[in-house]
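What follows is a pair of complexes built around subunit A, which joins subunit B in one and subunit C in the other.
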Partner chain A sequence: MIGDLLLSIFNSDFLYSVIRITAPILFAALGAVIAEKAGVVNIGLEGIMMISALFGVLFGYWTQSWLVGVIGALVIGVLLALLIGFFAFELKTDIILGGIAVNMLGAGGTIFLLDMFTGMRGNTGALVTRELLIPTVDIPLIQSIPYLGQVLSGHSVLTYLAFLLVWLIWVVLYKTPLGLNIRAVGENPNAATSIGVSVQKIQYIAIGLSGAMAGLGGAFMSMYYSQGWNSGMVAGRGFIALAATAMGRGEPVGTMLSSLLFGLAQALRTKVSGMQGVSSYLVSVIPYLVTIIGLVLYAISIKNKLKKRHAVTEGAE
Partner chain B sequence: MEQEVIVEQKEIVEQEDFVVQMRGISKVYPNGIAANKDVDFLLRRGEIHAIMGENGAGKSTLMKILFGLEQPTSGEILINGQSVAITSPNKAISLGIGMVHQHFMLVPSLTVAENIVLGMAPTTKSRFLIDFKKAVQIAEENAARYNLRIDPNAKVIDIPVGMKQKVEILKALVRGAKILILDEPTAVLTTQETSELFKELIALKEQGFTIIFISHKLKEIKQITDRLTIMRGGRSMGVYNTADISEKEISRLMVGRDVVLKVVKDKSQPTETVLKVRDLEYTNRWNKKMLDKVSFSVRKGEILGIAGVEGNGQRELVEMLFNLNTPDAGTVTVCGESIVNLSQDKIRNRGVSLVPEDRMTYGIADIASIEENVISDRFGNKRFNKGPLFNMREIHHESQNLIVDYRILAKSPKQQVKMLSGGNIQKVVVARELSSMPTLLIADQPTRGIDVGATEFIRNEIVELSRGGTAVLLVSADLNEVIELSDSLIVMYGGKIVGYFEDSSQLDDLTMGEYMLGLKHQTEEEIAKVSYE
Partner chain C sequence: MSDRRLIVFNLLRGVAAISLALAVAAIFIFISSDEPLTALKYLLVGPVVSFKATGNVFNTTSFLTILAAMIPTIFSGLAVCVMFSANQFNLGGEGAIMLGGFVGALLGIYLDLNTGLHQVVCVLAGAVAGGLIMLIPAILKVKLGASEMVTSLMMNYVVMFVILHFLNFVFADRSKGATQTFPFLETARIPEIISNGTKLTWGFVVALIFVVIIALFMYRTKWGYAIRMIGINQSFAQYSGMQVGTVIILSQVIGGMLSGMGGSIEVLGRFSTFLWRELPGYGWLGITIAILAKNNPIFVPFAAFFIAYLNKGCNLMATYSDVPSEMIDIIQAAIFLFFAAEQFLAKYRQRIVVRNAQRDLALQETAASQGGINS
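And then the complex of A and B:
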């Protein structure tokens, strides 16, 4: 049995599915990275994904264009995130509460909205035709490499975008003035204020960008992964993304690696539950178990880091 | 005499080149506290000008107004002869004013160069990416020009305090500051770092910069400044040429009582020793010795006061007495038993009470009710419990009594503590700490920032408690309070006890000032007298 499992893990189909499953987690996790760097906790990623997933399908259907659908999902994501920001920065509510509110809106409000706009219940059924799915791309040269081509080629446009964004966000955070301001605001808002950088403006930008990421993640889910919107579709990916970010220490590349780990765990679950003689309930625990182990390892490393830091730090308060 | 001085000053104004003129500045906070009262502050171009004064004298407020962090209630500010409204730090920066705060405003994980260019980072031709080489170059060029040695590529978290301060100064200079405000810059520095800073400041002065130097360290002021403005109780006590004024005179002007509130009390009749502190030592994490062989005793029935300018070890001492921190060496005993490393609960069980300096953090839970706050040290008592539940009636009864006894102005015992005024919040703390009938009461700044009525009431309560047989240790930066309230008094300076006065009623402000500012100290034998068995 173990042999079968190992064989199927190194199967190119399996690795292809790992990448596919990782993409939506990665989108949301990158959103969390940007927010966290600016000192903002965006716990509303899950709800943003739900709502923008729905609007992605709707916009796509209304305009009969997948691209408009994706852009619509992104815009909705930004608006929802800014709404959380508005509650937190302007009205001074706890940002966690704003996030929870959006999550609840995502769980309940979407069903209502769907019914209102289309009269459908629970899922979008036939709204998503083949032409409205996010298209896949075969990468020339790479696709013809045996094995590797099967794993890396033929993914959707958004899948590639997700991995491209890892690099892009790293550049923004570490190589641009905006990124410098984001990091300064997240680490020592007083330092930013003292030289005239507006903390609030930077935090709005950061949470807006994080909403854009989650919006793309939502579009990916409904317009590619599930081929249509349904109410149980996001299934905690927004929260797993937060765990992936924490495990990746809030860094883009680390977050990508931990997202891949979560993707692997989910793919494994799907794989193993198809095998005979294994309790499917037990198997369904795998992704969450990985989350817990990951977070524990993360906590330990942070603790060690703090200890070291405490030893060398002087005077910075 | 005074008239003449004013006339003379007016003439000077017309002739001289002032970069900053602050005229008739008053600042009254919404809670009614007047931090600045009709203050004039004139800064000559190219001088190093000290602002001196005790904590709470109003020097920080005045500088916050100049840097746009606070708005004056009345008064006028002229920069280079132009009347201006400094509405924000940004505005101050654009007027060429830079401030180096006492707590550094740096981002630890960024490099020195990144911190310096933050908010104005140079970009490459694409205008999208930061030009890091250019940033380092900017940092290096400025560092060289102003002779401030830094490592532009090091992360701020890894550099020593002295360098952090240079980065702060550079941050201001790079933004075009011509006037630098340094808020107690030497408080965190070692002796070598201090002398290095002074060399750099003098070099800056020679390049035409004007420097405002906030401090209460006499020796440093004498060493580096040209002129000084002394503040006391929110007012300016005048401007002096540093060379023309003696340290003694500065101390007289700085330390002194505006209004002497008399406290009526009988002579103390101390009996056995309650608190015994011996050879207490503590070095903080920045390697500064905060307590240096501190020894003293407090007896039943007396109030021992600790006077001193803040930051001379008083806070650390109180922390050690209530196990909020652990001493490096030394012993603390209450009635013969050591209390070092005991939990606060156990320390309280030995009859020790604390009125903490920071009442909002250590004194109360602000969103809890008065009732909940006053029983927080005694809710385990059988009286307040009925089986597994609280005896609400008894708790209500107790808090109602305390509200009456301690004259707490509140709508009901259920009112949230944060809804009360400062004076009444302090009365809640005092009610709890004094009503437990402690053997030892530690009162740390018991009347800071509260109104006259509450102040008088709390002082009388403390006297009454001590006359009933409690040993009281009073720590206060308020000279009036510490002299009037204490029976005997010790003065702390630089982590040491520098003077012991058995009868504090004989003390005058002048002597006190000299001890508090480190101009004078007693011999070890004289100080040892406070360590009776």
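And then the complex of A and C:
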């Protein structure tokens, strides 16, 4: 059985599915990266994904254009994140509670909104036609490489965008004045203020961007991954994204790697649960367990690093 | 008392926040419904009034079912109060409740004890299970600095799937169509206070007793003081010699025990067999309740009543009008945002504080000029 498992892991279909499953987690995790760099905790990613996913489908259906759907989902994501920001920064609601509130809207509010707009219950049924799905692209050249082509080519536009954003966000954070400000605000808001940076403005921008990412993740879920919206769709991906970010040390590339790890765990779960004599429930635990273990390992590594640094400074005294 | 006005202000502020939340709900109802007035009627007064041709009468049965619905949420509300007071954003209540319910259920099926003792053992076991599961995020937080929020969220899913595994493959009653356990022994079931089908069990009394216990614990014991102090200022607590790590773990273990206890009492009181196929949702309700209660255990039952009332109202509204019951989530989210907003109506509070300070100063001056000692 282990042999079968190994064989199927190195199967190109499997690796293709890992990338596909990673994408939505990566979107949300990148959102968490930007927020965290500005010292903002956005735990509302889960809810934002749910609501954006719904509006992606609705906008797409109303305009009969997948692109409008995706953009609509993104805009909704930004608006929701700014709502959290408004309550947190202006009215001083604890930002964690603000996030939980949006998650509640995501859980039940979406069902309500769907009913209100379409009269449907719990899922969007036939609203999403084939033409409204986010299209896939074959990459020339790479497509024709055996094995690699099957793994890397033929993904949706948004999948490629997710991985492109890793690089883009790295550039923004480390090579632009905005990124410098974001990091300054996150590391030392007082210092940032003292050189004339508006902490609040930067935090608004950061949480808005994080909402945009989660919005794209939501659109990916409903307009490509599950081909329609349903109430159990996001299933904790927004929370897993937070864990991926913590494990990736809040850096874009590290976060991409940990997101891939969760994608792998998730794909493994799908693979193994199809096998005979395996409890699908226990297999379902894998991604969440991997998250916890990953967090623990990360925390241990941080602790050791601090200890070492401490030892060095003590030695110097 | 010089801050009486502040208390009144805080009360009014709470009422304003809730009214705003309900106003948001009303707007949504007017937008979405063809019969908004019927919907609003059922939402707001439906839970305690039955509308009859002969006139409207107070609906006692419905009122009692609302009280019954408070049983698990009082526990989860108390749990969140304790954990959030220590600034521990542990969101694992969901998992702890489900686990407590499951453990209590298993002992209720397979243990053979006299009634009275049986319930106590089941509920205590549920509490211990809840406490143990919360040890994990708590210890990871204290020893490794891992965010308790993220680990506890992940734990919820782990707990749920592991329970589903055991429910499906080990303890399932195969003679039934649905996946469920064997029925609880009669000796383990928590009886109703008055046998009338409202499910208002003795668990309600236990819940109220725990409100008092937790209130005393938080405001009259050293440990409770330490928990609150850590929540207000952890560095200060550390420098003043409190064992911050131990207290942080303690707060989450207590939270877990209360959750687990609530879960087992709910399961043994409401059902005759273990039926939960997903996380029950009481953990999240507990957060709303703790926010409404401002983390003060004494206010928890009132907050729990309010939420149970709204929930019932939303269900009635969904039954008798065209507004879906998920309205409750929108109301809750709005309450969350406004109620927890420290700066909501802050200008008025500022004015009151300034006025109080001025009056105090004036009093001190007159006292000083008379040569008296003032406090």
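Note that the second predicted complex is superposed on the first by the 307 of 317 C-alpha atoms of A that agree within 3 Å, B and C clash if a C-alpha of one lies under 4 Å from a C-alpha of the other, contacts with A are read in each partner's own complex, and residues count from 1 in each chain.
Simple rule for what comes next: a contact is a pair of C-beta atoms (placed from the backbone, for glycine too) under 8 Å apart; a residue touches a chain by one contact, two chains touch by 3 or more.
Note that the structure is predicted; figures quoted are calculated from it, not measured.
Enquirer: Check whether subunit B or subunit C contacts more residues of subunit A in the superposed model.
Expert: Comparing subunit B with subunit C, the partner touching more subunit A residues is C.
Enquirer: Answer with first, second, both or neither: which of subunit B and subunit C does A:87 touch in the superposed model?
Expert: second
Enquirer: Looking at A:43, would you say it contacts subunit B, subunit C, both, or neither? Reply first, second, both or neither.
Expert: A:43: touches subunit C, not subunit B.
Enquirer: Counting only touches as set out at the top, which of subunit B and subunit C does A:281 meet: first, second, both, neither?
Expert: In the superposition, A:281 contacts subunit C only.
Enquirer: Looking at the overlay, what does A:97 touch: subunit B (first), subunit C (second), both, or neither?
Expert: The answer is second: A:97 touches subunit C but not subunit B.
Enquirer: Can A:299 be said to touch subunit B (first), subunit C (second), both, or neither?
Expert: A:299: touches subunit C, not subunit B.
Enquirer: After superposition on the shared chain, which partner residues are touched by A:105: those of subunit B (first), subunit C (second), both, or neither?
Expert: second
Enquirer: Which partner chains sit in contact with A:236 here, subunit B, subunit C, both or neither? Use first/second/both/neither.
Expert: The second partner, subunit C, only.
Enquirer: Can you check the complex and tell me which residues of subunit A touch subunit B?
Expert: The touching residues are 171, 175-177, 180-181, 183-184, 187-188, 190-197, 309, 312-317.
Enquirer: Along subunit A, where are the residues that touch subunit C in the complex?
Expert: Within the complex, subunit A contacts subunit C at residues 43, 87, 90-94, 96-98, 100-102, 104-105, 107-109, 111-112, 115-116, 121, 236, 239-240, 242-243, 246, 279, 281-282, 284-285, 288-289, 291-292, 295-296, 298-300, 302-303.
Enquirer: With touch defined as at the start, can you tell me which subunit C residues reach subunit A in the complex?
Expert: 28, 31-32, 89, 91, 140, 144-147, 149-151, 153-155, 157-158, 161-162, 164-165, 168-169, 284, 287, 291, 324, 326-330, 332-334, 336-338, 340-344, 346
Enquirer: Could you list, by residue number, the parts of subunit B that touch subunit A in their complex?
Expert: For this pair, the touching residues of subunit B are 89-90, 93, 99, 101, 103-110, 114-115, 118-121, 123, 128-130, 156-158, 160-161, 164, 171, 175, 188, 285-287.
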